[in-house]
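Naming follows writing order (A, B and C), and every chain is counted from residue 1.
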Amino acid sequence: MDEIKDRLLKPSKATKQDQRGRMISYLSIGLIAILVISILYFIATRGLSMFFNDGIKVSDFLFKTDWNPGKKLVGALPMIVTSFGVTLLAALIATPFAIAVALFMTEFAPKRGARFLQVVIELLVGIPSVIYGLIGLAVVVPAMRIMYGGTGFGILAGAVVLFVMVLPTITSLTVDALKAVPSHYRQASLALGATRWQTIYKVILRAATPGILTAVVFGMARAFGEALAVQMVIGNAAMLPHNLVSPSATLTSQLTMGIGNTIMGTLPNNALWSLALLLLIMALVFNILVKLIARKGRIK
Amino acid sequence: MENYIAKTNLELAIETKNLEVIYGDHQVVFDSSLEFPRHKITAIIGASGSGKSTYLRSLNRMHDKTVTVNGQIVYRGVDINQPSVNAYEVRKQIGMVFQRPNPFAKSIRNNLVFPLKENGITDKRVLDERVEESLKEAALWDEVKDDLNKSALELSGGQQQRLCIARALALRPDILLMDEPASALDPISTEKVEATMRKLRRNYTIIIVTHNMQQASRVSDFTTFFHQGRVVEFAPTQELFQTPRVKMTEDYISGNFG
Amino acid sequence: MNAKRNDHLATGIIYALVGIVVIILFGLIGYILVSGVPHLSWHFLTSPSKSFAAGGGIRDQLFNSVYLLVLTLLISFPLALGAGIYLSEYAPDNWLTSLMRTAIEVLSSLPSVVVGLFAYLVFVIQFQIGFSILAGAIALTFFNLPLLTRNIETSLSSVPNLQREAGIALGLSSWKTITGIILPAAVPGILTGVILSAGRVFGEAAALIYTAGQSAPALNYANWNIFDTNSFLNPFRPAETLAVHIWKVNAEGIVPDIDVVSNGTAAVLIIVILAFNLSARYVGNRLYRRLTSSK
């Protein structure tokens, strides 16, 4: 009897287990938080060093078009334009495909068709980016050459490769958005005599618009940050693109090509870190954009 | 309140004094003082939302870290509603069976063995004995003795619930709390669970929450009626159902409530 | 009637677009297999690569990829497990938790090249580890952590709350309830996630170019001393992986048989990743049935 009372009043093995367990889990999450903070800190300090130590003006970096860091020319506009070019173009091509596939999976063939396309999407996600680059190099670039002349390298080739790469991202998030539309919307519209397409176009897509927008932004974030696949087909010439099929360079391709050939602490190296910082900032911007869209969707 | 609590000569298993339970800024249980006699079945009845389940779950500290519980819960002379009291040990003494059967995704045997091993029982012979005894107590042994290694999830709902009872009994608790243990079961399974409970009364104190008044009258020795978070009446079951002292109780058990 | 015609038209367009997507996928995989598999041979898989001459193999790259994958999972899985347990079981509903969630979201949205450059900056340069498997594994851990953490969190959260209550009510500690009851029940989902993330790690190149490096020095597979420079187990040696090899061969354009090497390597890479994907699909279900019955 008293033994039980005693046990009630003393910490036991379980008490210790819980203290230890909580510590382990707090430690892990804390490490991740520290990691994220140090990524932001290190990239920011390196990326800003060009402006503080080498006296480069931010406006020169963002708006000048000549990139030759060896001669103190660090206009990153060509890379910025190209990065946005491939990203927007890729999203533009991918979105209709993504919506079509998502509609097919949710409205047309929700059972077997959806399961099959789910596998297709997962496999597309799984293919490594160098393989996309390799196929871009072997198939897309020659195709561009034949169709538009020139070398075939350039924004268009980059966008085509990226389109396939972001397609699964946009599709699966669009599927989620469509599935979130309450089924009574659908039934009400069909009951009013609307055709399936009218229902989809006027009711479902409209209700799912914030979700679809989020999907597209996520896709763009992925496209903007993709390095190797783009680098392999873009042509790697750090100048303003004349057209969609002239060689150019994205932020990521310039980074991957350059970082190994410059010496730490020199201007050419610092300039590349500034590109990296720009990439990081854009990733944050895409993140915030997603949050804003979500908030707006909720208020409505 | 004191008026409604039966003055019995029975030994007490557990009692609460002025217990209140508060979710955030929403109070669910008010000033509830009750005494539960030892080795008897006490039923807590009341409409849904009357706070009876919430009250029950505070008895073994299931609300820790989520909900505020004020007042005293006295068990073996100790107020176990103190943060310094070891809640793990409280729960070993005061077991619980839930509304929906919740066997672990393990074999039938391991459902019982896992918590036992955690309590330091490792001798295989003792474990086997305990498994057999507990399953017999829960009236499940005959149905499962040949495939103890089968997944517990393959059992029927009623069997799963009796397995959960056996799992709670395996720890040799003093008190067993049952939160509507038969509400998710078919009539035949319900009957088996009730029969099990009647048998268990000899060795355990049972407190059962139920919205089913027939069930309360069938199985319990004492009954208490909860309304809007307050104890309205406590009496021997026969008495409460036949000669309720409070008008509200009478209205509730005769079905013209509200 | 116009509405009806639009309906048919739209349906037709949707079917066509879906068809194109399916064709693209099969075209991609088909192209890699058709152009790569004929180059595969025992010799290709088991001989070292050549920097300038034709006829090089991928023995070391293949081993490096596997070794790097194992190291990455060894580092990232325990961390992701701890963080996943925190998020699904311990995290209080407050600003700190939402900050943690945001941090993980930010990490997952960072381009892998940025993550790689960070690891390069801190580990290769600052800590002077140099281009090495270890630096590569750390970079891949950063890249892998957010997705794996989220996967573990969702797998744990999808285990019904009734199971937690059952454990707690038996006087078990929350930790024991999580590790002994919730975690085993979540294993199928977690394993599927781990295998899928293994596929991603196996194919990743951008984060590795400046961490694990782009060279594959001659390895001695009989040397088990992990501190020897030529030991295959030495985590401080540079290690080019299959994915990086494909990229480098094409970027440099020095090897005369680029097509043979890069297509062959790509075929190996895609076969391994397809295997990861397909096994993730089956292992989950199998394991669940195995786990729920003892022995």
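Here is the rule we use: a residue touches a chain if its C-beta (ideal position, glycine included) is under 8 Å from a C-beta of that chain, and two chains touch if they have at least 3 such contacts.
For reference, the UniProt names are B = Phosphate ABC transporter ATP-binding protein; C = Phosphate transport system permease protein PstA.
Model, not experiment: these values are computed from the prediction.
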Checklist entry - Does A-C or A-B have the larger number of C-beta pairs in contact? => result A-C
Checklist entry - Can you name the chain whose C-alpha mean lies closest to the mean of all the C-alpha atoms? => result C
Checklist entry - Quick one: which chain's Cα centre is the longest way from chain A's? => result B
Next on the checklist: Rounded to a whole Å, what is the gap between the Cα centroids of chain B and chain C?
Outcome noted: 48
Checklist outcome for this item: Per the C-alpha means, the centres of chain A and chain C lie apart by a whole-Å value of 17
Checklist outcome for this item: In whole angstrom, the CA-centroid distance of chain A from chain B equals 53
Checklist entry - Which residues does chain C have that touch at least 2 chains other than itself? => result 171-173, 176
Item to check | chain B: positions in contact with at least two other chains | outcome: 88-90
Checklist outcome for this item: Among all residues of chain A, those touching at least two other chains are 14-15
Checklist entry - Residues of chain C touching chain A in their complex? => result 3-4, 6-7, 9-11, 13-15, 17-18, 20-22, 24-25, 28-29, 31-32, 35, 78-83, 85-87, 89-90, 99-100, 103-107, 109-115, 117-118, 120-122, 125, 142, 145, 149, 171-176, 178-179, 196, 199-200, 202-206, 209-210, 243-244, 246-247, 250-251, 262-263, 266, 269-270, 273-274, 276-277
Item to check | Complex interface listing, chain C residues touching chain B | outcome: 160, 162-163, 165-173, 176, 180-181, 184-185, 291-295
Item to check | Of chain B, residues touching chain A in the complex | outcome: 75-78, 80, 84-86, 88-90, 93, 174
Checklist entry - Can you name the residues of chain B that touch chain C in the complex? => result 60, 62, 88-92, 95-96, 98, 100, 102-107, 109-110, 114-115, 118-119, 149-154, 164, 167-168, 171
Checklist entry - Which part of chain A faces chain C closely enough to touch in the complex? => result 13-15, 17-18, 20-22, 24-29, 31-33, 35-40, 42-43, 46, 96-97, 100-101, 103-104, 108, 117, 120, 122-124, 126-135, 137-139, 164, 167, 194-198, 200-201, 221, 224-228, 231-232, 252, 255-256, 259-260, 264, 273, 276, 279-280, 283-284, 286-287
